[in-house]
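Below is one structure, written out as structure tokens, with a few remarks after it.
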Amino acid sequence: MQEALQFTPQVAASSIAQILWLIPAGPMVMSGVIALLRQRRRTLASTLAIGSLAFSLLLALAAFGHVLSGWMSGHAVRETVKITWIQVGNSTVDLGWVLDPLSAVMLVMVTFVGLLIFIYSVGYMAHDENFTRFFCFLSLFAGAMLGVVIANSLLLLFMCWELVGLTSYLLIGFWYQKPSAAAAAKKAFLTTRIGDVFFLLGIVWLFAQTGTLLFYNNGAGSMEPAALVGLLAAPAGWGLSAAGAIALLIFAGAAGKSGQLPLHVWLPDAMEGPTPVSALIHAATMVAAGVYLVARVFPLMQAGAPMGGSNTALTVVTWVGASTAVFAALIAVAQNDIKRILAYSTVSQLGYMMAGLGLGGVAVGMFHLITHAFFKALLFMGAGSVIHGCHEEQDVRNMGGLWKKMPATFATYAIGMLALSGFPLFFSGFWSKDAILESAHNWHSGKGPYFMLVFGALLTAFYMTRQVSYVFFGKWRGHGHAHESPRVMTVPLALLAFFAIALGVLGTPAWPWFRSFLTDKPAAFEWAGFNEPGLIQLMATSTLVVFVGLGLGWLLYGNRSPKPEEADVLEKAVPPIWSVLHNRLYVDELYGGTVIAFYAWWARVADWLDRRVWGGMVAAVTGLFSLWAKLNRFLDTNWVDGTFDKGCEELSAGGGLVARVQSGRVQTYLRLLALAVVVLAAILIWSSRG
Amino acid sequence: MTPLAGYLLVAALVFSIGLAGALTRRNAILVLIGIELMLNAANLNLIAFWRYGPHPEALTGMMFAVFSIAVAAAEAAVGLGLVISIYRHAHTTDLDEMNRMKG
Amino acid sequence: MTIVFWILAALTVSGGLATVLLKNTVHCALAVTGAFAGLALMFLQLDAQFAGFAQILVYIGAVAILVVFAILLTRGSETPKGGIFSHTWLAGLCLAAAVFAVLGWAVLSSQHALPLEAGSPVVSVMDIGNALMSRYVLPLEIVALLLTAAMIGAVIVAMHEKGDLK
Amino acid sequence: MVTTLDQIFVALKLWIVGLLPAALQPTAGVLLSVVAIIATFPALFAIAVLLERKGLGRMQNRIGPNRVGPLGILQPVADGLKSLTKEDIVPFSADAAVHFMAPVVLVVVVFMGFAVLPMGRNMTLVHMDSALLFYFAMGACTELSIFMAGWASRNKYSLLGAMRAVAQMISYEVPMLMSSVTVVMITGSLSLDKIVEAQNHYTWGLPHWYIFTPWGLAAFLMFAIAATAETNRSPFDLPEGESELVAGYFTEYSGFKFAEFFLGEYVGMLSISGLGTTLFLGGWSAPLEILGFMPSWFWFFSKIMMGICVFIWLRGTLPRLRQDQLMNFAWKFVLPMTLLNVFVVGLWRFLGEGWMRWVGCSAILLLAYVTVGRAEMNRKHYGPRSYRYAE
């Protein structure tokens, strides 16, 4: 086994693709450097982190431009660079990275949003004494995520994936002195681990099947037709092909990272981390990673699916996504912690993305991912700025009337909220969600997801309205007096707000630029895009739904300022439902009652076995031996000792005799030495002459 | 009697004299001196063998002697230092009174 | 067997004997110096100039002085009560005699094997230097290390615990 | 003519030896040279004493000896006669044998040193391959004799003086060796003849003496200091510091033994300056090419006498050091500097010909001397003395 790291660029790879690795490398190296800094070098640390990420952003833009120009000139760009990592015999494990529209778009998004969040956190963490450590972790986080994005090999992707998990653990538990934070960090780590186990299984299986982990390797990659055909051919039981099974396993990993239904519990608790971290996790990096993974392996996902139809994997993805969307939205309705509400909304939006992937393919899901990244980052940072302004107050009931107190925050937050709830025509959220709904509507196998998603949209509009009216309208119910946040925090908000609106342009049915960019079909702008059958009605419906949601929310919560201790409107209306929702549908309790209880029970059983069964045996054996020992003792005392003691006395006497030789006198020893020499010499001579 | 034998006999004599001194004197310093004498006798042997040996041009014996002289110097320095420090503790250099290491 | 050899032998042996037998420790030190000188002269007689001068330089120039200093520092010059010989002197003497007997026996019995005449090697200091720097460079380095270590050790050992000497 | 004058002593020796039967010739040759040395240097010793007494007198605004003979030239003779005729006192409790041996050993050893000094062209008594080593071996022996003198006198002043002397000589022997090693490194030989030969050629009429190189100058300065200390001359004359110890290790000596010590000291000075001359001042070679016509032995002896004059001058000028100052100076300044010098010589050797090695070596040495000198000067223990009274 020879481990050579020979670097084999392929002919097509352009210079920008060659140096693509610099994008994640920069922040990673910088985090290493920052780790070496002393705690006091705050400015230096933040400068290094931000600078490195800005550098990555420039590179990402360059890469994007490269891809864009290639796309403009009509041929799809997909350049890969391969590094042979391990070579065993003739089977190699390759790492590598790929530059194609998907990764290019993702790179730009991550670096840009990440950069804004970095700048923002300079202001937000200004008073924390572990500032440097924070930036160390932060840039490592960003670097890992960028690694996930550019990875062309499932293995490299998995490495960075785990790195993301680790850094998320570190960052969520950043305020480790808070027990809740530590617990949340542990929870996040373990929960995602569950998904990752399946993911790893999928990877191994894939390697066993195809012998490579590269996605694209001019025809030899695992995401390319040749391999896929082989995978489809291989059966895996339960009527699944190997492709389907592996796809599901990988999806489990993705579900873990991006908080899909069974494994979403860690995401809301992750709010314990500092707000910029929440923003980063929820908007740009971590949860996006799951969706991105699915998008990345989409060829595998849809392998064997009939044109426009679906296969097992996609169906599962769709249903999980849809149900997550509704489920989380329901919970979000009844939360009072400003960040928790956003967290659940993130979960539900991730459900939308997954559903979009399952229903409409990469373009739909990714488009929502991008737009969501922007406005969710916006919302989180807005929330952060609110919390910052209200002196670390997080309960929405203790706020209110902030719209005069912090106008900038309010304006940007409102934009983000409207975008999230899909306010028609002007906001990116509307178009991306609309695309998902459309594809759900046109889905061949059942309308279930469609209705669920529509309901989800309603709820989204509702709880966002609730939150905003709680926070920004009514009378100020907090203590102390709130203040606007510093410029370093508001400027990023403004930027994000701009993009939250502008990005919509890229995805209108009239000019589906984004879709065509990802799916390599050049797109022209024609109004005819709207003439698709049912499209207008669809848009109308979603608009209607959104307005209903908004109106309902305003009706119930608008402009009234309840006492903090006063019960919520819904609570008064329908207490049981409220309590169920307020307690997050008892999922944590459910897990506590089932999984954890099961383990506890097992532990108790094992304990009992230990005590009773094994312990009993041991006790029996011990008793036997002790009995035997007693017998021995009896014999000893009575007739061994006599003789033995005699022997001991003899021995000690002899010892004394010998000890006399060691008189502690140098010359005695010297004498013995000399004697020995004499004898030795005599013997030698005698033997030599004889 | 060949010359070499003469040198060897002298060396042997000096060696045993040194040994006798080391074994019989009570003063630690004189014991050290005796040891030095023994070392010198050994050096004489080396030189004599080098001189009368088959390959004098190989310098081996002489080199050995030179190195052993250097080592002897070090030994003397350390040994005398030890004697002095012992004297500081026990206020004597009489070996008969120095039997702290008695077993 | 030249007359010179006999003189030198006499000088050396008498010096050694004096070292062992004399009462006054300082006299012993001086006597041993005589023995060293005799040995050095023997080296010279054996055409080992370098070794001989090194012997004089090291033993008479350094070791003897060290010994003398040690004697004065330990008040060793006044003869101790109860004789200068340890009470086991007889055993020591017998052993020494035995050693001499064995060695002498060995020499005499192997006399027939010993070469009669010496080749006359022309050894310049240059040769020695070259040998030291080429073939014996490793021992040289090691000896240098040893000497340094010995020096430091001696200083530390002989230094006053409460560094009031400096 | 020139050569005859140059080689006159050699010729004389050959002629005398030629008169003897062949069997005795080698022994006779050696004896003759020995006799010559034993005759010459005491004479020089007398001259040196006279020179010193008169010179010191002048330095101290005295006239100096001027009674015996014209201008007091015969003063040394008078001293000699006096010391020969004085009673030889051996203290009652002294260790007679050692007390007697000490001066003998000293004188013998000191005279031994001359055996290897080339005193002129073809005027080396023993052509020895490791002459320098021999010389230092002999020098090492003097310490022992001094110790013997001090210890045998059973007198605390003598003992203290002896201990001081021995400590001082040991301390300064090391730098002396080191500074001579530099010359050996360049010449590539321990033989003093070769060393002189190596310096005995000229460019533009100027000699190639080692003192005219940066390292050579540094080494020579260190050598001079060490030599002054080795011979217990002022400012390093603590062993016989009259103010503290009556006369140091030869307090208890009188008459001829004292004269022997006196002789030993001065002959020691002569031989040391002879060695310094040989090592750094080109031995018997002429200071200028055009002066080559004068006999080599003349140059040698004149250089030696120059050395003596320097000794006298120092004695007349400098105050006596204190013991701790002496030791600190030896171990903390002289020794490091000589070691550095050894390194510099290595550099010199391997930088090869050219101006570069001159600049480099001089730069290193200057820097070292300035910095270390400054540091040493600013040390506290060179400040005013603090007395500790015996309670």
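As written, the chain order gives the labels A, B, C and D, with residue 1 at the start of each chain.
In this text, contacts are C-beta pairs under 8 Å (C-beta built on N, C-alpha and C of every residue); 3 or more make two chains touch, one makes a residue touch a chain.
Nothing here was measured: the structure is a model prediction, and the numbers come from that model.
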Farthest chain (mean CA position) relative to subunit B: A
Comparison of C-D and B-C by number of C-beta pairs in contact, larger one: B-C
Distance from subunit D to subunit C - Cα centre to Cα centre, in angstrom: 29
Distance between chain centroids, defined by C-alpha means - subunit B, subunit D (Å): 34
Subunit A and subunit D: spacing of chain centres that average the CA atoms, whole Å: 87
Separation of subunit B from subunit C, taking each centre as the mean of its C-alpha atoms, in whole Å: 6
Set of subunit B residues in contact with two or more other chains: 19, 22-24, 95-96
Subunit D, residues touching no fewer than two other chains: none
Contacts with 2+ other chains: residues of subunit C: 50, 54, 62, 69, 86, 88, 91-92, 95-96, 99, 103
Which chain pairs touch, all of them: A-B, A-C, B-C, C-D
Residues of subunit C touching subunit A in the complex: 86, 88, 91-92, 95-96, 98-99, 102-103, 105-106, 109-110
Contact footprint of subunit D on subunit C as seen in their complex: 24, 26-27, 30, 33, 49-50, 53-54, 56-57, 60-62, 64-65, 68-69, 72, 77, 124-126
Subunit B residues touching subunit A - in the complex, by the definition given at the top: 19, 22-24, 28, 31, 95-96, 98-103
Residues of subunit D that touch subunit C when the two form their complex: 95, 98, 128-130, 133-134, 136-141, 143-144, 147-148, 151, 159, 163, 166, 170, 173, 188-191
Of subunit C, residues touching subunit B in the complex: 1, 5, 9, 12-13, 16-17, 19-20, 25, 28-29, 32, 35-36, 39, 42-43, 46-48, 50-51, 54-55, 58-59, 62-63, 66-67, 69-71, 73-74, 76, 80, 83-89, 91-93, 95-97, 99-100, 103-104, 107-108, 111, 114-116, 118-119, 121, 123, 127-128, 131-132, 136, 139, 143, 146-147, 149-151, 153-155, 157-158, 160
